[in-house]
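Below, chain A partners chain B and then partners chain C, in two separate complexes.
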Partner chain A sequence: MNKKAYPTRFAGGALLLFGIFVLLPSVLGLGLAFTDWNAYSNDINWVGLDNFATVLDPNGDYVSAIQHTILFTIATTILKTGIALGLAILLTDGVKRLAYLFRALIYLPAVLPILVVGIVFKSILDPQSGLLNSTLQLIGLGGLAQQWLTDVGLTFWTVVGVDTWRGVGYIMVILIAGLLAIPREYYEAASIDGAGRLQTFRYITVPLLMPVLAVTTVLNVLYGLRVFDMVFVLTNGQYGTSTVYTMVFDSFTRGLYGVATALSTLFFGVMVLLGFVVIRVMQRGEGN
Partner chain B sequence: MNPIRSLRTMVLNVSAGGASLIAVVPIYVLFVNALKTQPEASSMGVELPLNPQWGNFGTVIDHGKLATAFFNSVLYSFGGTVLAVFLAALAAYVLARQRTRRHQIIYLLLIMGIAVPTNFVTLMKVMQVTHLIDTQIGMILLYAATQIPFSVFLIYAFIDSLPKELDEAAFLDGCSPFRTFRSIILPMLTPVLVTCGILSVLNIWNEFLMPLYFLNSTGSWPMTLAVYNFFGTYASDWSLVSADIVLTILPVILVYAVAQRWILSGVSAGAVKG
Partner chain C sequence: MKRVLTLLAVLAFAGCSNSAATGTPTAAPASAGANSTPAAVTPAPTTAKEKVTIEVMASQDWIKSSEQVLAGRFEEQTGIHIDFQIIPSGQYFDVLKTKLNSGQGIDLFLGQAGKSDMKLQYDAANNAVDLSKESWVSRIDPVVADQSTLDGKLYGAEVWDVVAANYWVMTYNKDIFTKYNLSVPKTFDEFEKVCETLKTNGVTPVYEPISDGWHQVLWFPSVGAQIEALEPGVTAKLNANTATFAGDATMEKALTQLNDLYKKGYFGKNALSDKEADTSKAMSTGTYAMTLSELSRGSQIAAAYPNLKATSFGYFPIPLLDNQLQPTHPAGPSWMISSKSSHIAEAKKWLDFMMQPENLQWLIDNTPDFQTLPFTGVTAKWDASQADFFKTYTQAKTLVLQDGVAYVNPQWMDMGKWMVNMFTGQKTAADMLKSIDAGRTTLAKAAKDAAWSK
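Here is the complex of A and B:
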């Protein structure tokens, strides 16, 4: 009955496209990462671990890009989660009227192309005429005005900030859904037992929101590790902001396909591991 | 109401309003500067334009080749989405109904795509060999492939909640498997298909990396790549850059305004199951 009513070939189309454009390149990567494949020669020769040696050279540009990527991921995950949680609580518990409007507006940046967000912030962060520095001067905080996108120590954090601005609404929307899914009775019981705001938060909200926080953390981490558009537009990976995917693109445009593939493949391995975590977390969410 | 309480309510409302303002100001800035003259827009300020320059839009449509880019974006978003959502629904249907180990593995493999990144460099090789590089059909297939994993994930969960008796009865009455899917299952999937469709259209519309890697001919560029190049050429003219961007994001904002409910529920559907 099952076999006839639900023929597996129905999954064929999805598998075919997925196989050609996602799986096949990944599998090819496992081989081509060990070759000198490049734009300037038609021969592809086996070079063993050379590309990985280049990518993992402790003094090379690649390792610092990997470090930036990890730091970016940690920083944006913490910032987005913290701010989104604050906003989610504010909009479910504190604000009653207009909460729906506020939620829609705060989510708005997340529906825009990242490219566009990057370009707008290039103007806002312009040191001479930009809105941020001129506003700081207007309110008498001119001393805080900075070279936001060219100061080597600061630029990384500027990118983190802009990315947080863009992504916080997305995490907030998920956390709001998570908060609304917590049964009211728990809060009523806590209030009858005389629990204060902090205690309620600590002993009811946080534990019951944990599965959702796990999901948002995974989403933030996956996004952070693959970040490209935002960095590419704001700084093109300069001033201490290079990331794994800006380096992949950089090597690609320089014709160093073997090296670019080695870096991609290395990260592919990391992401596959994380992918298993995602599936576990999501399946647990489904089971509830 | 006691004064402390109303003060608290006010502080909370002001904070929420402030956060909303921070979210919206950069977008507002684009809209007002799109209507300014070049010198007026040089600082991308928040002031309203003295004399709205509606002609800016005409200028960028001509200079930025936006008519072609708009058509390409529509082609990629809708072509890729229709293909992805249809194939995903078909796959999710059999995978959700047949729960053998093999089907579970196929399902996991497909949704792994949500997390696992595309290897763009070797993908270029695949695109070359299949002669799909720098072609519009190539972009549609590629985008469809990228949208399949999340669509399968959402639709699978939805089909799981539909009673199996419905399709079994249709099948026993003599409907072919595909007819059962088309006339019984597909209509019931409408809510989740709409959600998937909207999210997928927005994702593809906003996407920038694929065309950056795989499209050389300006005639195939979507809006994002056209905007990026326009920005490179006219970086000093913020009024034109703003006008160009406004034309790119206006459809997105309109879709968001109309379909907010589906977007916000779709976004949290994967993460929170009530």
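Here is the complex of A and C:
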């Protein structure tokens, strides 16, 4: 057998399946974004950029969904990275006893299905019968009880909070692996040179952790941009929490397939571009 | 060779199994029965009972427990099992459309009647079986039958009380009204005064469950006859595309009044997370004085809480725009047989069984939400509060908006979201009316409606 053809033949089957079930629908989807494909008619007509104009109409609902998505991505990325980094340092350097137990407990939410987390939190945050408001009332802090999932000014941040709670353990585990990979000699040398904890963190931990932070940031950004299930379960995209993919779902359910495909295509492009930019920026940071 | 033989054996076995599962129907319906039990279907004496399961798909609350009992009786008599797939209302149309488009196995499905829904939501001409020649058709109220008819063909059967279960009106607790010396309001201003008095006395005026996404919508289209009374001809103009929702001062006023009720806190603090399924419970506690509900809410509360009487609750029309008319709303959930079903004969047999006059009467007598059904040969069971409602208020000559104006009902869940956006300050009443117009245009163009192609 020709040795050069050997890997190609092995990969051929998988590539064929990938082509039929992933690549082809994606390319077809791209084309359908330029049509008026909908649930109410069998005709599909070319409409040029009309669907993209609908999606980017500043007075439409889609633009606010895009804004929410970007804000959600920034907020969850910062919160998850910050909290996870703090916990990772604490559990590798500070807490010695039961550190593994704490790691496992903090990681636990990450293995729960998002749907389950959403349903549980929906119950906890119910304004009348939920655990949170009931507890607040029980300890005399009833004034802090809120409409966590229906107050327009608050709901977005509730969703961010729940998503951060779920995702922080996963990021923490990756960062712990990164921290443990930093040679201890650097810290010893810094200690001998009289560096304080803050200086050690600033000049040793952060630069050497940068490749790992690049990975977690890309993961967080890509997750944030395509967030759907958590928002869908908690609020169904209402009360100021609509995101790009809740709007894609909404448009599909309203039978506006062309518009939904346009929004999806647009954001796929944005994600590819952003992912690329984030990696480049992080690589530059590593170089410095 | 061995493999070929094995394959043939497997195929032969599968073929035998299949033929056993889809035997020819044998049992015939009969008219026997009494009010205490569903009418029997006389089994054929010589053949074995069929072993067929027919799949029924319906939205939450559309199938009554009495219908399931009736289905059990039908199975006893015919061997045809009816499997009810009940889908949460918010997801129903998505799931149903997916099933219909993919031809997945459903035999019967329920859909909200109304011409634009029958055409756009269900594509009844392609997805449903023509039932025009069935024996029970002549007994349906023609106004109701018309809602399930397209191009002269009847595609659905509404076994639904289009009065008690379709008249969405204000239900009020008579004891609370008496306690605070309140009279039934005749205008919107009077209604707001009643609400304010109740709120001041620590009673939440209205239980309005918004979390389901559909209930809050009822306030607006249900006063369609009053809109028509204030602006004669508007319904016809909307259908002819010579008028729009946007810019209509009367409609904007109705929505603004509704928004006002929400903003003043008359729906309570938790309206956005309240659920429709809890309505009877909420009304039974005395913490809420009113709710927008079916004309049968009193019976439903009495059925769930036997210490309460149905007549402890009274009814009056939705007070937006000073409305004093009984709504006319003949479109309700309609049974349709999927044209792709492999059990069309069995499904027809079930419909035939259900629509025997004795069985319809049994449904009326055993369903708290139903006081009558739109068929001849049945006796209604109105209570004193309902009779009082019929006596006090005039029947509207115009249909509610969702039945009378094309392309409104298919937007129901969207309207629910826009209304929430209005309540929470993200949209105005005018924005919502514009959105309805935009949706109507999309739907009308897709349906190639001549009025929109001019």
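The rule is short, and it goes like this: the second predicted complex is superposed on the first by the 267 of 288 C-alpha atoms of A that agree within 3 Å, B and C clash if a C-alpha of one lies under 4 Å from a C-alpha of the other, contacts with A are read in each partner's own complex, and residues count from 1 in each chain.
Note that in this section contacts are C-beta pairs under 8 Å (C-beta built on N, C-alpha and C of every residue); 3 or more make two chains touch, one makes a residue touch a chain.
Predicted model, so just to flag it, every value in this text is computed and none were measured.
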Clash or fit (per the criteria above) of chain B with chain C on chain A: fit
Following superposition on chain A: angle at chain A, chain B versus chain C, Cα, nearest 10°: 80
Touching partner for A:62 - first (chain B), second (chain C), both, neither: neither
Partner chain in contact with A:238 - chain B first, chain C second, else both or neither: second
Which of chain B and chain C A:5 touches, first, second, both or neither: first
Touched partner set for A:223, first chain B, second chain C, both or neither: neither
Chain A residues touched by each partner, larger count belonging to chain B or chain C: B
Chain B versus chain C as contact partner of A:13, first or second or both or neither: first
Distance in angstrom between the closest Cα atoms of chain C and chain B, superposition on A: 5
Touching both chain C and chain B, counted on chain A across the two superposed complexes: 126
Residue ranges of chain A in contact with chain B within the complex: 1-8, 10-11, 13-15, 17-18, 20-26, 28-29, 32, 87, 90-91, 94-95, 97-99, 101-109, 111-117, 119-121, 123-124, 126, 129-131, 134, 165, 169-170, 173-174, 176-178, 181, 212, 215-216, 219, 222, 226, 228-229, 233, 245, 248-249, 252, 257, 260-261, 264-265, 267-268, 271-272, 274-275, 278-279, 282, 285-286, 288
Touching residues (chain side chain C, partner chain A) in the complex: 90, 93-94, 97, 120, 213, 269-270, 272-273, 414, 417, 420-421, 424-426, 439, 442-443, 446-448
Chain A - residues contacting chain C, complex: 38-41, 126-128, 147, 149-150, 152, 236, 238-240, 253-256
Residues of chain B defined as touching chain A within the complex: 9, 12-13, 15-17, 19-20, 22-27, 29-30, 42-46, 83-84, 87-88, 90-91, 93-95, 97-98, 102-103, 106, 108-126, 130, 141-142, 144-146, 148-149, 152-153, 157, 167-168, 171, 177-178, 180-181, 202, 205-209, 212-213, 224, 227-228, 231, 238, 241, 245, 248-249, 252-253, 256, 260, 263-265, 267-268, 270-274
